[in-house]
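The following pair of complexes shares a single chain, subunit A, combined with subunit B in the former and subunit C in the latter.
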Partner chain A sequence: MPDTVSNIGEVEFGSELPSFAPDTSTDNTKRFGKYVGWDSPRFTDHEGARKEGLPGAIVPGVLSQGFLGAMIHRWAPEAEIIAIDTVFRAPVLADTPHTITGTVTDIDEDEGTVEIDITITNEAGENRVFGTATAKLPT
Partner chain B sequence: MILDLHTHSIKSDDGRAKVQNYCQWIRAKSVPIDGFVLTEHRQFDFESDYSELASKFGIAILKGAEVETEYGHVLVFGVNEGLYEEFDFSAIGLSLENVIEKCEKHGALAAPCHPGRPRVGMVAHLEEHGIPDGVRIVETMNGGSRGDEDAVAAKMAEDLGYLGIGGSDSHIVSHIGRCATRFPAVLATEGELVEALKAEEFEAISNKH
Partner chain C sequence: MAEAEKVDDDIQDLRDRFLNSEFDEVTFEIDGERVAQYALACGETSPKFTDPGHDDFQAPPTFVSTLVGRRNMPSDFPDLGGMGMDAGKGVEWKAPVRAGETLTGRSHLHDIYTKTGRSGRMVFLVTRMELFDSSGTHVANADTRTVIREKIRA
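Let's look at the complex of A and B:
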């Protein structure tokens, strides 16, 4: 399985997308917050987040979804992401290592779409976020 | 025979897996299970017939439920129409002892799942509610457990003399089979599963890497 695919015919059931370690640093969450107009300490400051009852600063959910989308586009640069459907089981803590993974679990060659299991796991191997993405690839 | 006793499909509100894709995945990845039980949240799926899929892939596909009690979430095996009339499967805060009693009345079996999990697991509620009557089996290996949740579950099971089962608690295709339960015999129906659990001859296993 190549690291990238350009059309639906190259996709195999069960193949794994190249995983990567997302930038979960508070520098990055601050940068993200600046662009989207969020300045809540829960995303940018560990002490401030703890005052809100969180274990520390957390990565915003939409930023996590952005990481997942980036993985899909690195794998299939010409893909159109139709949906990213995530279940947030536990917070993705900022400044801690995580891994983004994706696995192809359904292929519709007629429609040119693939379904991908997506996860964000921490160093302990715990799934913090899971879900599925649907992407349309050239036929 | 090895069965994953705790799985969810798109029938559950937070499930994202199609049953056909579970079957494809098990075969494509040689997942070491012979079948699985669909335990959808707060419901029992009377409608779906997976017999063709089961036959096509040579995989046992059984159905159960996951209900919510004051002690957290509970797997129910052997659901039938009589049991379904006894309490509201969609409710949260059901009485665990009532669920167990009704299961016994209708030849079913209830087993608290992920008991070591905060809020939705049995251990978190023992101090408030005490030790419930009637529990014999709990899920001691859960594929979605974080931190020491399985260890907490195993400790409770040991302390209270419960037997342990395993299930992946999969909500996406690629997570099926991470934990399961080994039985000495082949089980083809929900009734046979209940009988095997009542016979207390099984072993929880983990395939987590």
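Let's look at the complex of A and C:
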């Protein structure tokens, strides 16, 4: 499968989306905090997060969910994400590398929709966030 | 609920009392700069999401998860005895959310269910905010799933 797809006919069942390294930096969580919200120290400052009992600053869950959506749009720029469900299994620590992977688990060519499983994994290979999405592509 | 299974009596009581009753209504002004900065932070690259001057500028579907109501639970919902943790977010997208719009969000408890693990019972509360634009068009649902890791008091 190509790195990007433009219509449902280019999608193959079981294929993997190009992996995506989200920006988990505290610079990014600070920007998110400034413009969007979630500007508590637990998200923007390692020392402040440790004072709350966390191992360090963590990425807001709503930002992790947004990473998943961005990954789908990078793979299928014309896609409309019509549903996405995200399970926060464990914190995503800021300033640590993470990788997002995705797999096409179903295709409905009549409806023009694909189902995708998506996972955010840390360097130890531990799943931190899991999502399922339904995206509609041009037929 | 996703699966048909036996529901504990105390949970069934909560379901009967609280599901599908609206407990909050709030309006949101959709600011283009906030939308664009959200998209950039997420890693979106399409100007449709990152450039407020684009002809088709709109919020990424997950943006609605950032719209927070005045409360997450009905005011008379009982204290279940444990600390609530954010277990997940869900979005159902129905129509584009565009800058300059005023959305109305109406919240209700959409589901209450349990899972039992080694540490005991966990109660999951799903709060759904239904979002409507100024013409009344239903543009999205934003779900927040809260988990409470403690045995509920009867």
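By our rule, the second predicted complex is superposed on the first by the 138 of 139 C-alpha atoms of A that agree within 3 Å, B and C clash if a C-alpha of one lies under 4 Å from a C-alpha of the other, contacts with A are read in each partner's own complex, and residues count from 1 in each chain.
Keep in mind that, in the parts below, a residue touches a chain if its C-beta (ideal position, glycine included) is under 8 Å from a C-beta of that chain, and two chains touch if they have at least 3 such contacts.
Please read these numbers as outputs of a predicted model, since none were measured by experiment.
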TODO: Quick one: classify A:121 as touching subunit B (first), subunit C (second), both or neither.
DONE: neither
Open item on the list: Let me test your reading of the model: by the given contact rule, A:105 touches which partner, first (subunit B), second (subunit C), both or neither?
Closed with: first
- [ ] For A:113, decide between first (touching subunit B), second (touching subunit C), both and neither.
- [x] neither
Task: First (subunit B), second (subunit C), both or neither touched by A:81 - done: second
TODO: Would you sort A:28 into first (subunit B), second (subunit C), both or neither based on which partner it touches?
DONE: second
TODO: With the two complexes superposed on chain A, say which partner A:36 touches: subunit B (first), subunit C (second), both, or neither.
DONE: second
- [ ] Would you sort A:44 into first (subunit B), second (subunit C), both or neither based on which partner it touches?
- [x] neither
TODO: Return the chain, subunit B or subunit C, that is in touch with more residues of subunit A.
DONE: C
Open item on the list: Quick check on my understanding: which residues of subunit A belong to both its subunit B contact set and its subunit C contact set?
Closed with: 85, 87
Task: Residue numbers on subunit A that touch subunit B, as the complex places them - done: 13-14, 85, 87, 89-90, 103, 105-106, 115, 117, 119, 124-127, 130-132
Open item on the list: Quick check on the complex: what are the subunit B residues that touch subunit A?
Closed with: 14, 16-18, 21, 24-25, 28-29, 144, 146-147, 171-175, 208
Task: Interfacial residue positions of subunit A with respect to subunit C in the complex - done: 20, 22-23, 28, 31-32, 34-37, 61-63, 65-71, 73-74, 77, 80-88
- [ ] Would you tell me which residues of subunit C are touching subunit A in their complex?
- [x] 33-34, 37-46, 49, 60-63, 65-66, 68, 86-94, 143, 145
